[in-house]
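Pasting a structure below so you can have a look.
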Amino acid sequence: MIRLKLALELDYDIGESGCDFVFNIHAAHTDRQRVVEERLALSQDVPLRVETDPWTRNRYLRVQALPGPLRLAYSATVDLSHHVAEPHQIGEVPIARLPAQVLSYIYPSRYCESDRLHKFAMREFGWQSQGYCRAQAIRDWVLQRTTFSSNTSNSNTSAIDTLLETAGVCRDFAHLMIALCRAINIPARFVTGIDYGADPALGPTDFHAYVEAYLGDRWYLFDPSGAAIPMGFVRFGTGRDAADVAFATIFGTVTTSAPRIAIEAIAGADGRLVLPRHCTEALSTDG
Amino acid sequence: MIRLKLALELDYDIGESGCDFVFNIHAAHTDRQRVVEERLALSQDVPLRVETDPWTRNRYLRVQALPGPLRLAYSATVDLSHHVAEPHQIGEVPIARLPAQVLSYIYPSRYCESDRLHKFAMREFGWQSQGYCRAQAIRDWVLQRTTFSSNTSNSNTSAIDTLLETAGVCRDFAHLMIALCRAINIPARFVTGIDYGADPALGPTDFHAYVEAYLGDRWYLFDPSGAAIPMGFVRFGTGRDAADVAFATIFGTVTTSAPRIAIEAIAGADGRLVLPRHCTEALSTDG
Amino acid sequence: MIRLKLALELDYDIGESGCDFVFNIHAAHTDRQRVVEERLALSQDVPLRVETDPWTRNRYLRVQALPGPLRLAYSATVDLSHHVAEPHQIGEVPIARLPAQVLSYIYPSRYCESDRLHKFAMREFGWQSQGYCRAQAIRDWVLQRTTFSSNTSNSNTSAIDTLLETAGVCRDFAHLMIALCRAINIPARFVTGIDYGADPALGPTDFHAYVEAYLGDRWYLFDPSGAAIPMGFVRFGTGRDAADVAFATIFGTVTTSAPRIAIEAIAGADGRLVLPRHCTEALSTDG
Amino acid sequence: MIRLKLALELDYDIGESGCDFVFNIHAAHTDRQRVVEERLALSQDVPLRVETDPWTRNRYLRVQALPGPLRLAYSATVDLSHHVAEPHQIGEVPIARLPAQVLSYIYPSRYCESDRLHKFAMREFGWQSQGYCRAQAIRDWVLQRTTFSSNTSNSNTSAIDTLLETAGVCRDFAHLMIALCRAINIPARFVTGIDYGADPALGPTDFHAYVEAYLGDRWYLFDPSGAAIPMGFVRFGTGRDAADVAFATIFGTVTTSAPRIAIEAIAGADGRLVLPRHCTEALSTDG
């Protein structure tokens, strides 16, 4: 078990018509990600509401902000209990045996046009032996062919764009891996959260987007961007792609500055301090 | 209350590797669409499974078919109880008041690129007075500018394609209306089923795709194709767009012939026969 | 006759591998644009070559620059003799009567996908009465629906993108007008040059892109951006779209700063000073 | 020298408004393709005109057809004198040394979006040694990854579509090869004509589209479709892509049936019969 303590601060300056926000910056409650404590503070005294989507368990914070500055501070302590498995023992799931609630993750979505990539993906990966290793091969292929670059993509950029541009940010890496997985019938979905940025080589902690593929009997974590340590991911939102789980969907005119994010591993209830580390095992924080 | 009796038959010839199917051809169980009775028969003696997606209540029939012919026959009797309202009394819902489970229907999806159509839609519809009438105006705009044509679109065709091509089938009309609604923040979703084809001017009954927009406190029906009578829609599936609710998703090699579909209005439990008809009221089969 | 004196300076800082340039910043020699005198100076002592494309009469300056700073200064005095005609006397040309060398300008090109816009354009403009006025109606439609905005488009942006985004720069306005003209069989082409920026309401002189449509027996000028005075256009390059006539095509790594451009009307050979002005007549600088 | 005798017949049924045609089905006159004799017959007694584009030397036949049947019969005898070279002695041409009239063939065009494929192509081919062999490597890559299939593409299909679909007809193979060549600064263009279909393994003679890449000091032939014998190509049209050189551009409503095409090698002026054959040398029919 890993205990992580995180804090984030977001600053906005709201235009004169006010602004509606839908935030998804709460740590998700799941069986393997327990929220030990959390705190939310808003600088404006406005009504707010946190709702949990019954289907994805994403928690949405709804705020109707007034003109002027708005600061949002959220902090939480979460306990992560990973399911750990040997990659070579994890198989793909035949279509006929996919659970109903997983089915929708083999279909194309806005930024993951797996329908258009079917033949391309079959040529690249159709012949490879099935299992966790094939999802891993797709992850490696995306990582190897794509350059991390913060000004080549925008909010309209899709998996096909990234395949052609061969550059993007974590969101783009994730979309491309998801689209290629679905194109060969491996269910794949988009997860947002923050990473554990303690590795100096990988940069400081930040918002992050990564991938889950459904293999064996659960969702396993993949990080096609290669920019973070999967064992240190804290989950905020789960969805088909970035259309579902933006950190902030903004209806109105605002200016904003860079978020401030901090994370640290602390001793758990048993007094032991466990640090996220790179590993070769397959990791899942699902059921 | 309207009681409809429907029957459909699908024929496939399965290639030598067999084939996995995910059908969505069961009438949905909802508060306003009661399935009085139903029957399913398959010509092959293979295991089958019907699962209900907890989120959409779509019922998926999973079949692993053997090589050779496969016939599927489904019949059902359903009772429809419409919520009927005056269009001018139905308003749009401010973002801040949209229920969490409705939120995902304002986001773009594979075939409804509302993100790219935002400015276009704002120019066309942003200035119009809000409410049911604005969704209706979008529906009319789509119908007026689009020609029904069965060979201009395919399974990759999206709302933007249809906007440019100005032609398509019911699925394409629905995608375009949905994308334009979402682009101005009206939640909209894609519904499949069969229509009540008793109007000779509109052709025989067939599979159909139509639109629900979330207005007031529920989902209202719209038929942008103008090809059917909304009061006679039987719902099979509800989703973001056609990616979610194909009648049949086929994993394998098959040939198929045209489906045979029949529908008729029959007397209800109270002995009264009510026929679907065109009307000017707003109709909902939601909650 | 209008005599214009223009000067431009471009500054680059060339990376260590050097850089190949293809510039198209020379005023074109045509029957109605006479280059009275011109001067070119480069800060690097490298070989350069000016070639005239026999087909478009564009003049291409080829430079192989060395690492370090490069300044290019070009100045010219040109005499413009416009062909002036009454709009209502100018008709469209039936396909069968289009000259061979005009034909290629009814076909789609990289940034003007007239093939995909055919049906859309027919719906908007197909019913309008033919002639100069129809090209003018397309010009007005583009201007009215598109917002001048310098950070919504990039070098990949095409006419369809601009139609959806409803925003762009002069290049984007031109591409959209060209695509719509070709879609209804009016030949249209892309022209680059500089505008006469003396109207304070329209901003200072700058590089500009505008449109020529083939009507009657020649190419007439249109400015869909509404940002300049067509009578003051100095032509550099003519092509299908921006792919053909970039001001500078750069093969290598450089940094650059904003160009400095100046233009003024001066007295002609006859001692008279004529200023470019807005007018309602149709203008051509073609043959 | 190879002497080929070809004949083609096209049949149309013209709708009641008549129809304008622009045909490009005349064998081109070039230094290395001499038209010894030719004959054209139309079943309708209507005015026709053959014009030669001064720039491409394409010959366009303009016909204004009347309602009813139209048959066009064209036959020609042409002498082909190939320039033959050793592939390993042919280099690429640095940008700075490309002739002006070749420059436009490194720019993107409607169906060859080399601008969007730049990074993709650099990753695949940027590291390979330069020269004829690199163009050949692109040709082989396209052929190996693309399946010949007559119903996966249409007249809107572009190089990027073909890259993703991995299937198409000769036109699509050509567009993809051209786009990839231009993306790494090898000038490439689109050629139409008919092939010499004497090889039973390759099917009967037909209209064909192939590629020329500018290498060394001239345009060399490539056949990315692998479906024909380059030595037997008869050139009709040369252009940027299929937008420039359709066999028939049709302005009106017609129905048509399959063309009838015949070709045979016959003895030349010197009495010798030379048959087109596959060869490993580089072939050019340019200057």
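Letters A, B, C and D mark the chains as written, and numbering starts fresh at 1 in each.
The working rule: contacts are C-beta pairs under 8 Å (C-beta built on N, C-alpha and C of every residue); 3 or more make two chains touch, one makes a residue touch a chain.
These figures come from a predicted structure and were not determined experimentally.
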Mutual neighbours - chains that touch chain B and chain C alike: none
Least hop count linking chain B to chain D through chains in contact: 2
Gap in Å, rounded to a whole number, between the CA centres of chain C and chain A: 46
Computed distance of Cα centres, chain B from chain A, in Å: 31
Two or more partner chains touched - positions in chain B: 116
Each pair of chains that touches, named by its two labels: A-B, A-D, B-C, C-D
For the chain B and chain A complex, residues of the former touching the latter: 20, 22, 51-55, 60, 62, 64, 94-96, 99-101, 103-104, 107-110, 112-113, 115-116, 155-156, 185, 239-240, 243-244, 249, 251
Contacting residues of chain D [partner chain A, same complex]: 116-117, 119-120, 123, 145, 160, 163-167
